[in-house]
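Below are structures written as structure tokens.
In what follows, chain A forms one complex with chain B and a second complex with chain C.
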Partner chain A sequence: MTNTEDCPVLAIENYSLDYETANGPYHALKTINLAIKRGEILGLVGESGSGKTSLAWSIMRYLPTNAREPGGKILLCGDNLLEKSERQMETFRGRRISMVFQDPSTSLNPTLSLGTQLSEVLVRHRGLTRQQAWKEGEALLAHVGLKTPAQMMHRMPHEASGGEKQRVVIASAFACNPQCIIFDEPTTALDVITSRQILDLFVELQAETGVASLYISHDLALVARTASRVAVIRRGGIVEQGSVREIFINPQQAYTRELIAAVPDPAHRLVKDDVVATDEPLVKVENVSVYFGRKPFFAALTGRKMDRVTGNNAINLVVNASEILGIVGESGSGKSTLAKAMTGLNRFEGRIWFDGREICSSSDMDNAYRKDVQIIFQHPDASLNPRQKISEILSRPLKLFGNATDLDKQIGDMLEQVRLPRTHANRYPHQLSGGEKQRVAIARAFASRPKLVICDEITSALDVSVQASVVELLLELQKASGTAYLFITHDLNLIRQIAHRIAVMYRGDLIEVVKADEIDNPDRADYTRRLIEAVPRAAAQYQ
Partner chain B sequence: MTEFMKRLLKTPQGAIGILLVGLVMLVVVFGPMVAPHDPEALSPLSRYKGPSLSYWLGTDQYGRDIFSRLLIGARATVVMAVLATIAGTLIGALIGTASAFLGGRADELIMRTIDAVMSIPSLLFALLVVNLLGSSTINALIAVAIAFAPGMARITRSVALSVRKQDYVNAAIARGESSAYIIRREMLPNVVAPIIVEMTIRVSFAVMLFATLSFLGLGAQPPAAEWGLMVSEARRYMHLSAGILIWPSVAIAIVAVGFNLLGDGLRDALNPRT
Partner chain C sequence: MIVYTLFVVSLIVFAITQILPADAAVMMLGENATKEALDALRQTMGLDAPVWQQYATWLWHVLQGNLGTSLRTGQPVGPAMFEALGRSLLLAVFSIGLMLILAVPLGIIAAIRRGKVADIVVSLVSYAGVALPEFVTATIAVLIFADWMKWLPPTGYVPLTENFVDGIVHLVLPVCVISIILIAHVSRMVRSELVDVLHTDYIRAARLKGISSGQVLRRHALRNALLPTITIVALDVGYLLGGVIVVEEIFAIPGIGRQLIVAIQARDLPAIQAGVLIMAATYSIVNFIADILYAWLDKRIQYD
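So, the complex of A and B:
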């Protein structure tokens, strides 16, 4: 290797990237200047569509056919990657530069064992024989903290957990001691506690090998914990870069300040604790269990026992009028299952008391119940029918629950209520941005003036700054209408800001329900404490 | 819409498909008006003639002008095929979407029945229906429509299953919408794209199926100028004049190829990712 200590491993100079589209060229990246030295982690932070991943792919030289590069250089230890042929790049990828992707379940081939995939990298780039590579693979897996590396080598991807798979991916990225590794949101698809462990592993390996790392993320708090320098990217251009301290303490650009302000800070509560717990709560969930799976026909005939998958295990929960109850937990902990049971989308056992009425199954949920209990889903793309205009989407609850007179005026009022222009009624969902779509979904939920709105991860598909404004809107609506929220999320920092009480769920069980400001008490349940510890603290630590 | 046409015309399949189908449609609409001769006028003196200035494609065994017969027969052949496909598609799409929406036992029941029906080849099935109902043009149409419905139902169901999982369907259920509304307004509009593609390709099958039925004497009856029937009747005289057999076959082939290519082009144009 020719590089000396002070020369950057990866240098991007005045690099631009365009995509040819039917409507003319789209400028994905504009004169990017970045440099990463040996042993350094550069965090690249930006919202979705800002060009983060495009940059990663242009460094890897794996661009779609409609990509054009008007100018600039990408230097890896002085070699300009733009001038390399495809064949030369094949020898570079994996050996001198490698990449870790967001979702380990899609970046591993589901039909090959983990060992085969890991040893292939070693056979190809380090010239080892199969046996040597297998041995080396076991050593690598032990190195990334997997308990039983020999068994793990023989497992298929579906036999390993998400965290284990991401460890294998990281092991193969580090396998050939590359000079530079690109991490594209490596923990976004993982649970809070697992992603904390993966991050610790990453920092450890990085310090040990001294590889130059480009860490791409949308989460400023996460980057603050790992990276030494941060570059903020917006609409294809670098807005600001500097050390983590500089960026957080003294951000120069308005956009950076906006980003930092949008990161939820649990110390800054957004609601008043003025909810009175009465003997007559709005909703009382009594021993509600949800099981999945249908008894096969022959099993029913022969009376054979069948193990059902448990989604919720005897949940007991109370929501008071105009209270915000947060539900947190990892993915698969049964948060959404409960929400779907309460809206009649899942069959359940047990009872739900709503406003003094008893609901034993989804057939008990009549029009009045459905009017009072509304649900907002995570992805606004999926929850709004792409073939219907906004006006038709918003007119349905009015026709079902309210009075269908003067629809146009009512729809306009609804749009204004969620701070969208009245003219949006004539648009289709795909003509709106993600945040606008979620506002339409909120407007639809509030059309029937419900008493309880279930928000199922409604902010997690949105960018941080959009998330902040949507949360603000929800709190405003809550203040005006006194609606109770069941706010499901995995973002502990956010829920500590806005909830009155927080329910913690784990693998279908309700662990505990605590007041929001008491969740970091040391006498909480063991799982709650681990969850709190794993959450990246907000930017507050630098202020 | 113009954007869509541009995408369609950009692929060679789409451009050629549009051209051929456009040509066929022109013949369907204006054919009878421009036909130079009466298609059923017999002229015993000019039988088995080759192409000439007055008979562009020659004459058949009764001295009728083949070109005029083709122009007039287009309506019977192509319109019938398109109508039968549309009818079959509508039945199939409704069954498929409803089956996907209902799920569970009902889905099993519907789809296993469809499987059973599909195990009979469509030609055999059409023959069966025509035999039961008697041979006429309308009955042939019904037979083809029924023969097509199970396949369409299965395709629609697979698309509708993924739509069924979308949150806008969940939202509609949680809102308490009726099943009919959800199937008709929330699900069907989102499954049309693949159905349209499949439908276009199936039109060419329908043309051939109709031609086969007529060829076997179970569809249109003489002296109708239906193309399949023309081929069937020409069979016995082909050693006297090959043209009687070739020209209707070419016409059927053009329609089949045109709709097939159009289907391919539509598939690419309707899928924005290619």
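So, the complex of A and C:
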């Protein structure tokens, strides 16, 4: 391909995209101007619905049938992709421009081996035979840091971990030395430590090949670490673009400043360390273990031995009144399992002391316990009944635990408490935004005036700015009511801001419980240190 | 699991035949038989023993391959029933074959041309196929192809071993009638599964790797979309064995469904027991094979 050093590999000029909907055209992208040079990483940052993924589909020419393009050009080394036929694009995709997707567990075909899926790109674009492609695939897998490439080729997707799968996806994106690669949130679905490794791999491969990269993310801190330039997108338009330094030190637009401010900064603590540890804590978790797996009927009959999966392994934990205890750990570490055990959703062995009462199993959790211990889940979409109005949803805990008199007024007050207008009571969940729905879930949890609220990843489905406001709300409620929180998250930066103490979990075990401001202390456990190192530093480094 | 299922089925079958308001002895000797004659017969048949003992004897005989003697003909039930099963299976195999040849491509076309004319036509035809009961389609088919056109014989069964061509000719109409319902069923299934699969991330990922749409369909989509179809086809075998009774009746094919009806009408208890047990066994075995096939094609599934 003939392009000089200065000419951008990918240039988007005055590009607009509309979706035709029943309510008239929806302007998904508005006169976008972007350019990526060889060897450059352009970070595209925006919240959900901002159009960042639409832009990726436009570049790949993979648009739904209701997409209309009123104008503009997308140039790949001078070739306007808008003028290419589908057949021509098929030869471009994977060879000249390729893509790495968000979730490796859904972007790989579950019924084809990893090797088949990798080598088909080589067969298609490099004209290799299957045997050659398989050999080349092994070399590629070795190149992306997989220890046993030959075996990995034969594995099915479900036999590989998320990180390994993402390495395979990356290998197939780099397989034909494309001119440009689009990375669509490639680490969002991965653990902290794995995503750090994937990111390092990306930076290494990118430097080695000099491929022009468009790195799409909602995470400013992450982009700050990888990209050379950043473009901020909002409601389909580029708000601001410039070098990472410029954007972080001297953001020109109010929206950019908001975004930067919303990124959690562990150095900026939002709570005072004023919790007194007493001899009588609110909750004392004693040797709580959770095992999964039930003996199948026949195994029970024949007395066959069965391996149980350990969800939690003899956890000991204390939560004081009015304390915010953070629980961190990668997925599968048993964070949510513990939360479910404490709310009676999982069977457990061991004991839980709550407010001086002994709880040995979920049958000991009576109405009084449930009133005092409430849980908020990650996805408000899943935890709010779509067929009930907000007023019905909020009236349940009032009828169950409180006094059911003057429900309308109480519900209105609850909504106001979580900064929602009283009129929302007549709406259905789907009429609210993600942040609003989570506020309703918070209001529901607080309706019974609980002593402990378990927050299970409640902000991870939300945008950064929405997350910031939800966290602010939670802290206000905590100040007003003195409720203790068990705050489960994988966002270390966030939890360092808001927790008094942090419990670190790994594969069902509790590694340690430390004070939040001492978690980066060098004499922490190995795993804690690795976690802290893996987390992208916040934007603060540029300020 | 399959043994367990069959055990439960045998219990239920035996229980139902016990509950039936008919006394086998009275049935055989007629309303006017003397008490002594009835008692004597009951004794020879073992009907005076306690129920659990009768069941144990019956089960013991079944396990030895002896399904009992017909009260109607006095012949052993087993051979007659298996012979009938063979004819039904022949019909079933041809029907499923024809169905697969037509239904899968129809479903694929409908899924790919979703919302277009082809899809609508396939949908309409399938709805019509599902909506029309087999006795209607069978009657219409006989009327058109046998009565008016005189292309095919209206009814009857000729064993393939006796006269192959004639046997096939006699099978054409019943096979087509059964297939229509199956095609409707399965093509809709293939369509909806394929539509779902075509919207998955991995299909998009494959397209964005530059794989052509035909290749994506063949290598990536079909395999995943056809997996649930295996289950549906296996379940349809249940329909074939039961629902096919009507078709067998109309076309006068002495299959297992027809045998069973005759047995029920004659209150021929051993024949009913044997027929139902054989049908249940066939059904369980087919579904068992489908499960194995499924696990073999989708490596994520593992059975203990």
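Operating definition for what follows: the second predicted complex is superposed on the first by the 543 of 543 C-alpha atoms of A that agree within 3 Å, B and C clash if a C-alpha of one lies under 4 Å from a C-alpha of the other, contacts with A are read in each partner's own complex, and residues count from 1 in each chain.
By definition in this document, contacts are C-beta pairs under 8 Å (C-beta built on N, C-alpha and C of every residue); 3 or more make two chains touch, one makes a residue touch a chain.
Treat the numbers as computed from the prediction; the structure is a model and nothing was measured.
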item: Touched partner set for A:Asp103, first chain B, second chain C, both or neither; value: second
item: Chain B versus chain C as contact partner of A:Glu90, first or second or both or neither; value: second
item: Touched partner set for A:Glu138, first chain B, second chain C, both or neither; value: neither
item: First, second, both or neither for A:Phe377, with chain B first and chain C second; value: first
item: Touched partner set for A:Thr111, first chain B, second chain C, both or neither; value: second
item: Overlap of chain C and chain B interfaces on chain A (superposed complexes); value: none
item: Chain A-touching residues of chain B, taken from the complex the two chains share; value: 3, 6-7, 104, 166-168, 170-177, 185-186, 189-190
item: Of chain A, residues touching chain B in the complex; value: 22, 294, 340, 343-345, 365-367, 370, 374-375, 377-379, 382-388, 396-397, 400, 444
item: Residues of chain C defined as touching chain A within the complex; value: 1, 200-213, 215, 219-220, 223-224, 227, 297-300, 304
item: List of chain A residues in touch with chain C within their complex; value: 60, 62, 90-95, 98-99, 101, 103, 106-112, 117, 120-121, 124-125, 156, 158, 169, 172, 296, 298-299
